[in-house]
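Just so it is clear, A, B, C, D and E label the chains in written order, and each chain counts residues from 1 on its own.
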Amino acid sequence: AGTLDAVKEQGYVQCGVTSGVPGFSVPDEQGNWVGLDVDVCRAVAAAALGDASKVKYTPLNAKERFTALASGEIDLLSRVTTWTLTRDTQLGINFAGVNYYDGQGFMVKKDLGLTSVKELDGATICVQSGTTTELNMADYFRTHGLEHTPVVFDTNEQAATAFDTGRCDAFTTDLSQAYGLRTRMTDPSSVVALPEVISKEPLGPSVRQGDDQWFNIVKWSLNAMINAEELGVTSANVDEMKASSENPSVKRLLGGEAGLAEGMGISDDWAYQIVKQVGNYGESFDRNVGKDSPQNIDRGINNLWNNGGIMYAPPIR
Amino acid sequence: MTDAASNTGEQLMIELRDMNKWYGEFHVLKNINLKVKKGERIVICGPSGSGKSTMIRCINRLEEHQRGDILVNGVPLTHDIKNIETIRKDVGMVFQHFNLFPHLTVLENCVLAPIWVKKIPRKEAEATAMKYLERVKIPEQAKKYPGQLSGGQQQRVAIARSLCMNPDVMLFDEPTSALDPEMIKEVLDVMIELAREGMTMLCVTHEMGFAKTVADRVIFMADGQIVEENEPHEFFNNPQHERTKLFLSQIIDH
Amino acid sequence: MASDTNPNSSSPPSEPEHKIKFWNDPGKRALIFQVLLVLVLGGFVWFIVSNTLSNLEQRGITTGFDFLSQEAGFGIPLSLVEYTEASSYGRTFIVGLLNTVLVSVLGIIAATILGFILGVARLSDNWLISRLSALYIEIFRNIPLLLQIFFWYFAVLRALPSPRESIEFLGSFLNIRGLSMPAPVAEPGFNLVWIAFAVGIVGTWAMTKWAHKRQDATGKIFPVGWTSLGLIIGLPLLVFLLSGAPMTLDYPELRGFNFRGGMTIIPEFVALWLALTIYTAAFIAETVRGGILSVPHGQLEAASALGLPKTRTLRLIVIPQAMRVIIPPLTNQYLNLTKNSSLATAIGYPDLVSVFAGTTLNQTGQAIEVISMTMAVYLSLSVLTSIFMNWYNKRKSLIER
Amino acid sequence: MKYELQPTLPPPANTIGVIGWMRKHLFNGPLNSIATLVLAWLAFTLLTPVIDWAFFSANWAGTTREDCTSGGACWVFVGQRIDQFLYGFYPREETWRLNLSFFLMLALILWLAIPKIPAKGIAAVLTLVVFPVVAFFLLTGGVFGLEAVDTHQWGGLSLTLVLAVVGMVASLPLGVLLALGRRSEMPIVKSLSVVYIEIWRGVPLITVLFMASVMLPLFFPEGMSFDKLLRALIGITLFQTAYMAEVVRGGLQAIPKGQYEAADSLGLGYWQKMIMIILPQALKMMIPGVVNTFIALFKDTSLVLIIGLFDLLAIVQAATNDPKWIGYATEGYVFVALVFWIFCFSMSRYSQYLEKRLQTGHGNRA
Amino acid sequence: MTDAASNTGEQLMIELRDMNKWYGEFHVLKNINLKVKKGERIVICGPSGSGKSTMIRCINRLEEHQRGDILVNGVPLTHDIKNIETIRKDVGMVFQHFNLFPHLTVLENCVLAPIWVKKIPRKEAEATAMKYLERVKIPEQAKKYPGQLSGGQQQRVAIARSLCMNPDVMLFDEPTSALDPEMIKEVLDVMIELAREGMTMLCVTHEMGFAKTVADRVIFMADGQIVEENEPHEFFNNPQHERTKLFLSQIIDH
């Protein structure tokens, strides 16, 4: 049986998330999960079940995530995970797209007065285990003939805490997370990021191999969010747009063209539900990591392609 | 009341035919032949390690014999669980160390097996139990736990517990040897009364007074064999075998 | 009524034969039950295995141990054998295993020493000593180990200065990055020292024998302990000095961010080792106390009455008897400590679970293989321990009638 | 000649009273005296700052970190978060269900633990059979008009207790079966039991939890899935069963052979003998061992943190990561340590008391 | 063989002067005065709890006394470890429960103290040990472990073990009271022989036969005091004190 059937039967989507990266997935004080990655889970639930709240979150550390996905423990992994070739080919999973273009950076204490990663020769660096970050760092230092001592932790928070106490000279992770974790440090203002971004880190949701239907649902749920932003459909105006918009793209997006979603086995108003309940990509970005959030990260390359960024979704038709 | 075993007309309660038993390589019981008729009272004695306990434990299938036959009430003791069950219902056993169940009251000790094995209603089982507790003269202790009784009282409870199953035969394995001298008598008295009422009994004991009083036959064992078998008067006053004479002299000296 | 002595049949025959309905024969019942059990269990195992295989296939996960020879590509901060990012995943297994063994062995040694001291202290007639030892035991054995590991890790980190403000002593530097110590680098003549060391060990062995003989012959007691110490440590030291100290020390030096050169003990190790030691010592102390209390007081009185001094009584009478009681639970504690060292993953000490069942598993996705290898390691350790325990028990059990 | 009793004199002053006690316990011999003084000094210097931090200069009242001004411990943090620490993300209006279950359990345990209260058999049945069912419906809800509470909302101390209690209650019967298996005369049953016990005792709990939390679905047909908490519970139970089996085996071994023989000779069957004669006695002897394994299990539940369940330790750790309370991790950890310590210490005391009682009060009923 | 204590000309082995001991608040020994000459054999008896054991344990410093003096061979027992060591070498002690070291063979038990305390060569110690084991009539058990011996044999080993230190005085604390009747005799025989050879002995025992055979003096204790002290014949036939008479009447009844 396909994942969609299983999801419909159990009535919720099992979604693997981080155990707490601000902006991407954290439980708030009531225990509700929020974040950019969480919104992908919610979008998929809205598309598949018509209700964005029908998600069960499984906090995973980096080491567990692929095993959890491959084993069937979760239906969907949306956990700041970098899309790479080996992950696509060897781990039995498929990436369904990119919801955040990231890059790996380094955080150091301001008072060290460093200006470049190259000055980190011989440094001790805190990092999370089982990540591309760990591998990128090793590559980078090797290619530049620099020495370093990694100190690896189960979770990013632990790595950040260890850096905070002075265990390491630097702390490396995807920049998006680095800013979030900085807010948790004793004196956030004393910590700065070095300018280099040493890697491409396209982060996105992934699913198990062998279930194309489900793969499509996840892929197009994400695409729908991006397209919605491009088309100017927001959670606030979606009802109005649905009722009155003459733009055929918008109509197709919001279920105006019957049978479009048939191939995915979900109802025609799937994208409407996503935008209505979760919002478009821009809304999600602003709310979780962008201008309406404490991190206040610039859209940068995550802006739409027609807006100076590289966020680009294939059309829905 | 001479050699009862040759008297085949009466009902045989227990019959051992060429019975042999080994513990590993050690030959404990060698070609034991014994017939016990209904109502007979037999005392078994002999030096330590001669196999007395082993023999009567075989009759109750607490030990398994390897060769020869054991028949109780005509039922042969084999691997057959049905037969073993039947025989255990017919045979009561009293141990040297009482082996009462310490977590149950005296009354519960007595009604346990009737209720669960014989499937008798509790009321009825309790009535029977009280009857036997009266017979062993401790009805007033029914609600106590074994740990609260003296050794002699405990052994009497053990006898009552066996009697509650209405056995056809009672086996006793040195029932008084773990008791203080004052208590030995109260237990022997109960046993004597039981004998008087016609219970078939096989009793391993060194209480020669008891043997003289109630036994129909005394069996002397040594080295895993029955060496001599006689009625008490003859046995004590006119032992046939050297081994018996030696044993009796030790017992009486002591 | 004659009774002949029966010929002693040397061995028992097989069972007497009777026709029994098979369901009433306990032997056959047992057989049937066991066959059923094996079938059910075998079926269950087959169910699991076939599911796993089909799941793996369906999800496109390759199986097998080929991955062990692939390049790992990540760094490990502490390794007893040569390891670089270019080493293979197989190598990470070795590194992790050795790190587990390292912290376990050192933990076992320290916990044993501390545990014995505490156990004896618990029985001291000095009220304060025995109370404090009881306090220690009750505090540390009733708090989860994981919590204690966190505590020591952060306590250790908080307490230590940054590399620039290192505490310096004897060419060593203590800071938040660990303890950097001079590493000895042998020079050509150094082999002599090794030879002296070997001579010292052989000499100690010979001396012990000789001392024994001499005591047997003359009754004089020879200070074996001190002499051994002299032979094993003093002799190599002497040779070392006489041969002109053929060794340089590679002193750690603050270059850039950290100390380079020398050897460094990382704080993760220290925290884990401390936590394991302190936690397990509390349990060992209780074991030791039980063992000593199990030696009847009369034994001590008899020894005193014979004029044996306290220390000799302890060595000749109390310890040999207490050890029989102590060893089995003690080995269990060793086993627990080894298993508990897997909590290293919580603070980033690169042990087997953290490096191999963590990072390697994550990079390769070979969950079944990696987890089975990891479990097999712990299982073999425990089986070896049980074998040792049984052997020891047999050897040391008191001979009785 | 008449025998006259000599007067009983009081002992020399320096052997009794405070001075005698000190001489005997603190200053007997020069070495001991030095040790006493050194230790007393050490204890004093180490303990005073701790006590000062925890009590005298601690902050007790307030609502935010700004209220922590005095430099001592900031208990305000714990106070503000106490609900979360106890109940996790359980809906606040529904916490009475957790409280009720807890008090039910407490009542049953007291019933079982205090020797004077009669009818232990009923209490045992209630605890092992009825209570789990009642607690299950109370906690998960969804019936009798109770709002359903999903297990991922469970957390904090109540989750810790759920893990420990369920692990314990479930492993007891399984452990009994396994112990009987290990003592069985059937060679296959026996060796399978031994293999099971040795395997589970040989591997670390965190690898078991890892398997249970992320690998389990791999072993079952697609679509067959269990709740994450349930799987952690299964892992813990299977693990605990092996330890329990060894405790039970110890208890079984302590029952004299005569009890088996007496039961046999009365004609009781194997299960009748076990259930009515052997196990009731063995269980009583096992209680100290059972309590000890329970303590071990209780401490081990903190490992579920590693697989992402929010037990007491995990939830406190999460709270210390809250930017609003950065820097008060110590208070959080001390709080967790204290909670665990109180539970474990009182249980270990109880088991010691039982052990003493078993040694002295032979034969009498507890 | 009258009141030996007043005969001050001979060498004093043990002397207690106004010795007092308390257990906490409890006054166990009250003003004990006792003189034992070389070669004297003294039997101490008295009701249970009268302080007999405590007294002889004080002589060996297994217990500490609080007031008065104890001198052994002229050496005073104080806190001085040197003195305690000297005295323990001179004084042998045999306990009620043997207290053999179970992890050592009989021979090892016997040579342990000579080797480690007296620093005697093993060969020599073993020869001595064999001599004493022969004296207690169990040389053939030398290689066995205590657990393999009967109670009587174990107690004889314990005596041999003490003798191996060549003590000047032997203290016995109810050496036969944990033994079965058959074994009592074999131990008493050994003790009697020892007495015949002139060993100074202080013996707590209720074996009145032994007292009559070998004792030079019998000391009767009650309530922590020495109530009466006399040579055996007088003591048994003509006790002076009420308390003694009462005690003797009980002993003899039993």
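Heads up, the rule we're going with is that a contact is a pair of C-beta atoms (placed from the backbone, for glycine too) under 8 Å apart; a residue touches a chain by one contact, two chains touch by 3 or more.
Model, not experiment: these values are computed from the prediction.
Chains touching both chain A and chain E: C, D. Taking each chain's centre as the mean of its CA atoms, E is the chain most distant from chain A. Across B-C and C-E, it is C-E that has more C-beta pairs touching. Innermost chain of the displayed assembly, by C-alpha centre distance to the whole-protein C-alpha centre, is D.
Note on chain B versus chain E: their Cα superposition corresponds to a rotation of 160 degrees, in steps of 5.
Of all chains, B has its CA centroid at the greatest distance from the CA centroid of chain C.
In whole angstrom, the spacing between the mean C-alpha positions of chain D and chain E is 52. Note: centroid distance chain A to chain B, computed from Cα atoms, is 83 Å.
Rounded to whole angstrom, the centroid-to-centroid distance between chain C and chain D, based on C-alpha atoms, equals 26 Å. Distance between chain centres (mean CA atoms), chain A to chain D: 41 Å. Across the assembly, chain E contributes no residue in contact with two or more other chains.
Contact of a single residue of chain D with at least two other chains is seen at positions 210, 214-215, 217-218, 222, 306.
Each of residues 55-56, 58, 154, 345-346, 367 in chain C touches at least two other chains.
Of all possible chain pairings, those that touch are A-C, A-D, B-C, B-D, C-D, C-E, D-E. Against chain C, the residues of chain E that register as touching in their complex are 60-62, 85, 88-89, 91-93, 95, 97, 99-103, 112-113, 115-125, 145, 147-149, 161-162, 165.
By the touch criterion stated above, chain A contacts chain C in their complex at residues 62-67, 70-72, 90-93, 120-124, 129-131, 134-135, 137-139, 142, 147-154, 158-159, 162, 165-167, 169, 208-210.
Residues of chain D touching chain E in their complex: 1-3, 5-12, 15-16. Touching chain A in their complex are the following residues of chain C: 55-56, 58-62, 73-77, 85, 154, 157-158, 162, 176-177, 255-258, 260, 266-268, 345-348, 350, 354, 358-359, 361-365, 367. Interface of chain D with chain A (complex): residues 84, 88-89, 150, 152-153, 155, 210, 213-218, 222-223, 225, 228, 306-308, 318, 321-323, 326-327.
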